[in-house]
Amino acid sequence: MVPQAWYLIVSALLFGLGIVGFVTRRNSLVMFMSVELMLNAANLVFVAGARDHFPARGTACALFVIAVAAAEVAVGLAMVLALFRLKKSVQADDVRELRA
Amino acid sequence: MLSERTAFLVFSAIALIGAANVVTRKNPVHAALWLVGSFLGVAGLFLTLGAGLLGAIQVMVYAGAIMVLFLFVILLLNLDVTEGDGLSFARGASFLAAIATLALVALPFAQSRELRAAATPDHAAPDASAGNVADLLFTRYALPFEVVSLLLLIAMVGAIHLARRPRRDESV
Amino acid sequence: MNLVAALLLALPLTMAAVIGLLHRRLTTKQAGVLAFAMTATCFGLAVAAFTHLRGLPVDERFVEATFWRWIELGGADGGAVDGAATRLALDVGVWLDPLSVTWALFVTGVGSLIFLYSISYMAHEQGGARYFAYLCLFLFSMLTLVLGSNLVLTFLGWEGVGLCSYLLIGFEYGKETAAQAGRKAFLLNRIGDIGFLIGMFWTWKLFGTLGHGEMKPLMAGALAAGAVIPPLLALSYFVGACGKSAQLPLFVWLPDAMAGPTPVSALIHAATMVTAGVYLLCRLSPLFAAAAWALDVVAWTGAATALFAGLIALRQRDIKRVLAYSTVSQLGYMFLACGLGAFASGAFHVVTHAFFKALLFLGSGAVIHALHGEQDLWKMGGLKHHLPKTAFAMRIGAFALAGIAPFAGFFSKDEILGVAFAQAYAGDRSRWVLWGMGVLTAALTAFYTARMITLCFDGESRLDPHAHAHPHEAPPAMAIPLQILAVLSLAGGIALGFEALHWMPLHHWLEPVLAPAPDLQLSSALTWGLMTLAFLIAVLAWRIGAKWYSGDFAAARAAELSLPRLARVLAGRFFVDEIYGGLIVRPLRFCAELALEFDQRVVDGLFRGIGTAAVLLGTAVRIVQNGVIHSYAFWVLAGTVTLLAVALS
């Protein structure tokens, strides 16, 4: 069996890439994608960590994360749409003020 | 065991290369397609971990539903492909932060022999089959399950409200 | 009788409301005629009440008309239990007895004449309808004060007349002096009102009732025992009376109150409202009679006020101020009478004073009216040629004020001096001083009255020839009240009481209500002798005053200024206002300024400091809140890394 540590390292790399994407990209859609990457990394940790002793629980927790991610994407994309109507842009740094 | 290791390496490579391209592609459509690849890689990793159910769900929900949603929005907005430079300070800072995170995560492995060693699975534990997961969801995780259902409902209502076209707005 | 009683209060209130609500629609004349008709009706009602009471046996001359239950507190068993009252039950009602009807008669009677006079006097003033609304409200308050069936209603009227007085003094509220005088009157009356209030609370605690009818038998009996409580209780009421009736040391508001229109001065600040204090003393006379040394305080205060105000009046140049100080002085006489236990004599003087002082004020109003607002005696003179009728009427009023027989003031004033003399003659030495003060004041009164009349009507004209080319006699609506009041000032005294002939109808009429006066009959010869003496003193003082001022005006003025220090003190009214200013107003103002300083520096500083701190904090934190999502994300990341580092190390 592949040691859990390897999975964790892959997970950490995925998470790191997600962070870099979230912080550096200006396109809010891509920022959301980066968030999804980080959530995937988290899922990987859940499942890998649970593999040896209670695998079913890892899957269950990952399912919850996927559900939350789905919710987040739905609301997030709706927000992007609303923002685009307002500003004609999806660049996150175009939105600095609370007022329109 | 060799095949499992190979599978792990292949799927990890797919996931990481996909992720790297998501972060670096300027065109959001390309980024989204690379993200599908990354998701598929992670789904493969789930398979190697013996969580076939989760792998399937990953493919259906992420690679299927969520990605379609992303692409749909991108096409709907008909965005410019080009994107200006990222924020330079943020770029440097984020790389630093990412490296720091990696270092912090890697540090325990460097120190701990146990984590590096191949684990010995507990075969008595219930495996991650659909039946066992379902049992868990309706017993031990019943409350989080209900909460998540509520969260999804709220998200749905919120998304509809947010995306609804304002009545007297001719701008879009 | 219930209907009469109800109408006596309801009519003025209704009229006040009607005129008050319509005061923009009604002309001065319409409002005045309405108000006058109402007042005259009230006078008719008062006469009806009077005849009704006269028809009753002497001991049963009272009518209590209860309209509705006003306030009810505490248990039903009620009354005073172990010296502490447990129940308060107050009705809105009218208490008619000889005392209240006497007051109601002259209030409505003199009031009608003054209302009539006002129609013409106010014809050219702004807001005449408003003026009549106030007057009606005043009449209602005054009648409530007099006729109310319990002390709380009396107090209600007491406050009401104070309010109307304030409103009418400040009637021309555009004038700063008028507005200030109104405030001054209001504030000084508050001091007295506190005394009244304390007295009421205490009375309720002791008697368990505040009704006039129920209190009367209780007052003398329940209090006869105590040596401390009855005088203190009486004195707290006396403080109230001092405020309302402008006695020392609270008299300073009355002269300033002359800033109001002259008919108001006549009605409120001479004839009716200021006698409310005397009414209170008479109403509570059994209490005062039981409170030995409190009565002395009343007598001495009255005598001192009479003398003090008489001295000040000697040097006033404003004709209305002379009259105002003479009012204070005459009120002092009334208090002296009450203090001597001769409440009926005090009431007698109240009635005659109402006649002749109203006459004098209305006459001075006619003079001021003719001279377009000139009030300075030094700028008058020789007016008898221009205003013969007014001059004649004023002279009658002046004789009455000076105490010259057979005018009204002579009889009432002489009676008061007679009582003081009788008590002194019976062995009380301190009464000699009171009598002396009274006689001296009488001489001063005759002197300054003669001065006023002579300066105004006799001698050379000192009018500004350009401003007042042809002073004209007042119109009939102003002249008729003057003539009626002149008749009353002439005959009112002798008709109501002539002690030497044992003709004292007013005294007998009031007898069932008032505490009996000390029974000290002087011999007939002594009575006649005293009368002659008083008459001679008054005539002599008048002659001196008239002679002094009828000749060379420049010399008289020089004489007035010849004793510089005394003249300054008198002209400056003993600087009472300045003393109050220094003793009370300045320290208060200092405290206020201190508080202001504290508020501005410490309290405001504290809050400003908090505000500044918040602003500074905000400025510091705002640097991070730049609205860039990436930087937020970075900070979240930095925090996470830090936490991880802490957790894993």
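Each chain gets a letter, A, B and C, in the order it is written, and its residues are counted from 1.
Keep this in mind: contacts are C-beta pairs under 8 Å (C-beta built on N, C-alpha and C of every residue); 3 or more make two chains touch, one makes a residue touch a chain.
Quantities reported herein were computed from a predicted structural model and do not represent experimental measurements.
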Select the category (line, ring, star, complete, other) that matches the graph of chains linked by touching.
complete
Of A-B and B-C, the pair joined by more C-beta contact pairs is A-B
Between subunit C and subunit A, distance of the C-alpha-averaged centres to the nearest whole Å
89
Calculate how many whole Å lie between the centre of subunit A and the centre of subunit B, each centre taken as the average of the chain's C-alpha atoms.
6
Chain centre separation in whole Å, for subunit C relative to subunit B (CA means)
94
Multi-partner residues of subunit C (each touching 2 or more other chains)
628, 630, 634, 637
In subunit A, the residues touching two or more other chains are 19, 22-24, 26, 93
Shared-interface residues of subunit B (touching two or more other chains) are 87, 90, 93-94, 97, 101
Subunit B residues touching subunit C in their complex are 87, 90, 93-94, 97, 100-101, 104, 107-108
Subunit C - residues contacting subunit B, complex:
628, 630-631, 634, 637-638, 640-641, 644-645, 648
Please give the residue numbers of subunit B that touch subunit A in the complex, ascending.
1, 4-5, 8, 12, 15-16, 19-20, 22-23, 28, 31-32, 35, 38-39, 42, 45-46, 48-51, 53-54, 57-58, 61-62, 65-66, 69-70, 73-74, 76-77, 79, 83-84, 86-87, 90-91, 93-95, 97-99, 101-102, 105-106, 109, 115-122, 125-129, 132-133, 135-137, 140-141, 144-145, 148, 151-152, 154-156, 158-163, 165-166, 169, 171-172
Contact footprint of subunit B on subunit A as seen in their complex
1-10, 12-27, 29-30, 32-34, 36-37, 40, 43-44, 47-48, 50-60, 62-64, 66-75, 77-82, 84-85, 90-91, 93
Could you list, by residue number, the parts of subunit C that touch subunit A in their complex?
626-630, 633-634, 637
